[in-house]
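Across the two complexes that follow, chain A remains constant while its partner is chain B and subsequently chain C.
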Partner chain A sequence: MANRIQINKEFVDIMPQDYLDLVESGTFESPNRGWKDFGTATELIAEHSLCAGCPESIAFRHIMASIPNPEDTVMVGSTGCTSLVFPMIAVHNIHSLFGNQNAIATGLKRALAVRFPDRIKDVIVLAGDGATVDIGLDMTLQSWFRKERFTTICFDNELYANTGGQESGLMQKGFLAKMAPVGKRFDKVRLPEIARESGCDYVAIMTASKPSLVEKVIKQAVLIAREVGPTYIQIYTPCILEIGKQSMEGLQEMRTSEAPGERFKFREFISPEAQSFLDGLAEKKKAEKIAATT
Partner chain B sequence: MYNVAEVNAEACVAQKGCRLCIMYCPEANCIQLDSQKMKAVIVESRCKGCELCVVVCDAAKHNAIKMVAR
Partner chain C sequence: MATQTDSRVPQIGQRNKKNQLITDPNELFFLSPRTPNFLTGSEVIREAVRRSSVDFSVAYPITPQSEASSLVGELYAEGYVGDYMRGESEFAVMGECAGAAFAGARVFTTTAGPGTLRAFENFPMWAGSRLPIQVVFTVRGINSPLTIQPDTLEIAFMLETGMLLWHAESAQDLFDFMLKGYYVAEQPEVHLPIGVICDGFFVTHTKDMVMMTPEDRTLPHYDPYRSPVVCMDMEVPPVRMMRDPFVMKSNYISYMTHASWQLEIRAAIERSRKHTIPLLDGLIEVENSDAEIMLIASGTAVSQAREAIRLFRDKGVRVGLVKIKTLRPFPTEEIRKATEHAKHIFVPEFNVAGWLAREIKSTIDRNHRVVAGPHVAGGMTMPPEIIVEEIEKHMAHRRNKELVHG
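Moving on, here comes the complex of A and B:
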């Protein structure tokens, strides 16, 4: 059981069961937390109002199970469908004005470093494609140019879902949406490549179809942001409502879109500094394993 | 009327390590593993009736989940 996450005994009888479950069987301070805790431990997300079957919910679950130190993490969200989940997670979070998320995260990360110099404090931005690539692009890029040490996650559903389907910079060329009836005239913005050129030490583009891969990528991105430099993850979380899919079709849509040659085929960029950091981690793990068996 | 998922414990093979529905249900804390019986169980009050669990269970040929009206 967690040590730092405890409940004042005086409050036990008045706190809701969900809260007690989090304290008793949540995964705070668990060194090996991950998706394998699903089904037996209490997850850090309560009931929320995303559409039934929404892949954003799947990705959110996998991410919340994977972040390495939830008790020492502050997440920054923005307006969009994800903002329906943020009030329901058991991790500190800030709702920024639409598009400002990477500016808020910059100040927050710096302030946390001053306030808690001896403690790990991770900052993770999680926002939609409209927030990351259109309205917040200035803040997104400037934080990378300045090599701010936090992770930026973009839930890429290739349109503005929360406001009914407007065109986004990450929408595919030629795509028609309810509120973009002419069809997109420009290419999908190549944000992963831009991220790499703008100073990110780790970049990944993927879907949320494999929890083990999401877990690996999230852990790498958060640890690299902690020790090396900015990291960026772009995850395809199709808006089944806006692309006309049924509630149970989101997973297949993600699988189809990550096939070889498709736009969400898994790709990763790791800077030489980040690679040597990861190599160091792997060596340490190996040494620990050997020490444990001998 | 509202549709929710229901697991047929006899057909569920969670005791052999299957966790597919638990992995892919979009809702947190919604499909639990009964660690005594080693079967998947649905927390009905959290189920949104999306049927994704049925899709992944059927794709693996376990056919252990069906939707029921409430």
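Moving on, here comes the complex of A and C:
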């Protein structure tokens, strides 16, 4: 089906079946790809080594199903639970150090623009809250100040999960955790607001409970980053292990936390430039629909 | 260095948008006419970058490399460099460089002293990721209280990062090492980052006559597909890199993977020899190898050692010299051979630790012959008279000991 992603005929007999599946029934170059491909197409993420029921794995799946041009997307990760998943996804991705993801993405995106001036090459950062807000905050913000053209996704589980549940900047005030032995003493860092003030043209805060919403937000964020300016998505991916939940309770935890008045109630900020870009896209889609029906 | 077979990239024999002729590296290095230019070291850095088809460069101010990195910005404004930006800290700068190298760009940056140390975590990552980035270290002091003075202590920290490290004696070395450095670092069997080191101020801020290749000739572009690892541009069909990330495993296969990759980096450094030796005319340069007293040095300490040899010659004493051009790969065999006949080996250094003497002591036999010194540090100069004095003091002391115990 895909033209860009093909297999060398000489290697067909030695490549593993899941690789062949990816080439034959993956969703590379599928214009309407999305979470509805689940069950009928080979996913870009086939398995993971996260804990059973981890909401991060759900969010990861939804994101990989939603990115608009996986055949021309390079992802940048950081250290943490996500770095256990990245080696198993089927787009090029970089892990280098802890916290430098937005610096890596800056160089990556700029060099791809130099090398492929007439082509789409999307760059997406996906990192945890420790990487995004604590150790890497400087580089997160600086990339926004510079209006670097890529999407930053933060998997916010409100703590350092991979090292065993230590306090992070996105942890809620008062939460008892390792390294916060009497409870966290300061408020959850308001990164979405900071993102807006730092130059992001699109900001969303959400959970991963609704695949269609994740899909919509991811597509918008990637397209706006490509054409307008930096975008930021903060997704609640609770660490069920560290907040004392069972494997099957992740979804409910996300739903509870996105209820009206709760900290992960869906909010989005769209800059006027991004809004007029989205309006243009909608107009174009409408015109295409009309053209197709007449 | 084959030019990538990409129609957008000018090939050898064609001209780039600045009308520079893309020139075969060996032709550029050895056959192109050279003309003398009287330039500061910072200007030499600019001129080498102009001739290197650099795709991406990141700058950050820190003395004594600020001028060089802003001059590279001027090259970008003129259209010689693909993209250029000011980073936010050296740690971020080296990440930005890495991102661009992962994307298949030829990358250039500079730093010095505290900047090198702030960036430090990146260097073994660059090597492990096989990114052939070139960084010029214009070395300076790293001690507290605050100093900006010349000092080579930071090199000691760089030795085990897995990078190629070449130490320029002069502005001429700097120019040649930068051009040739890309050639060696980008060989598929090497493919490692390279640190071209020059001594801050002594080289960067002084003017020197440099024989330069023509301004309108440049190296072929970097070919990111001649690499031992995949270029992260989604032009090569992706695979799941690992079924199980090694970081998750505490088992022998995991340990073995990490250990063997580290060994491979070191082996790649050694494999750079065969490309480096013909380009630099050996990893060392030797004068008077039959002398009983030998000086071994790298960087501007070599120039001071040359002067000391001249002073000794005036006194009728024959003293030899080994100039070390590459610290990684370390010219172990070459130094062993060059010092076979030496009875006394002195290692003048611009740092308090004497790391070069330690390197030499750990690699040659009869290492009691090695005297670590003289040392100057913190920005002091090293007049050749100091080297002479140190050697004479040591020899007199030895004679006295022989008289007492002999």
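In this section, the second predicted complex is superposed on the first by the 292 of 294 C-alpha atoms of A that agree within 3 Å, B and C clash if a C-alpha of one lies under 4 Å from a C-alpha of the other, contacts with A are read in each partner's own complex, and residues count from 1 in each chain.
The rule is short, and it goes like this: contacts are C-beta pairs under 8 Å (C-beta built on N, C-alpha and C of every residue); 3 or more make two chains touch, one makes a residue touch a chain.
The shown structure was predicted, so the numbers you read here are calculated from the model rather than taken from an experiment.
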| item | value |
| --- | --- |
| Simultaneous placement of chain C and chain B on chain A, clash or fit | fit |
| First (chain B), second (chain C), both or neither touched by A:251 | first |
| Touching partner for A:57 - first (chain B), second (chain C), both, neither | first |
| Which superposed partner A:204 touches (first chain B, second chain C, both, neither) | neither |
| Which of chain B and chain C A:142 touches, first, second, both or neither | second |
| Touched partner set for A:108, first chain B, second chain C, both or neither | second |
| Apex chain A: angle to the C-alpha centres of chain B and chain C, given in degrees as a multiple of 10 | 130 |
| Partner chain in contact with A:5 - chain B first, chain C second, else both or neither | second |
| Which superposed partner A:241 touches (first chain B, second chain C, both, neither) | neither |
| Which of chain B and chain C A:46 touches, first, second, both or neither | both |
| First, second, both or neither for A:92, with chain B first and chain C second | second |
| Residues of chain A touched, compared between chain B and chain C (which is higher) | C |
| Closest Cα approach, chain C to chain B, once both complexes are overlaid on chain A (Å) | 13 |
| Doubly contacted residues of chain A, that is, touched by chain B and again by chain C | 46 |
| Touch list for chain C against partner chain A, complex | 8, 55-56, 58, 82-83, 85, 87-89, 91-93, 95-105, 107, 121-122, 125, 129, 230, 232-234, 237-245, 247-248 |
| Partner chain B, residues of chain A touching it in the complex | 35, 38-40, 42-47, 50, 52-55, 57-58, 61, 64, 211, 246-248, 250-252 |
| Residues of chain A defined as touching chain C within the complex | 5-7, 18-19, 23, 46, 49, 71-74, 76, 83-84, 86-94, 96-97, 100, 103-117, 121, 138-139, 142, 146 |
| For the chain B and chain A complex, residues of the former touching the latter | 19, 22-24, 26-29, 31-33, 35, 40, 46, 48-52, 54-56 |
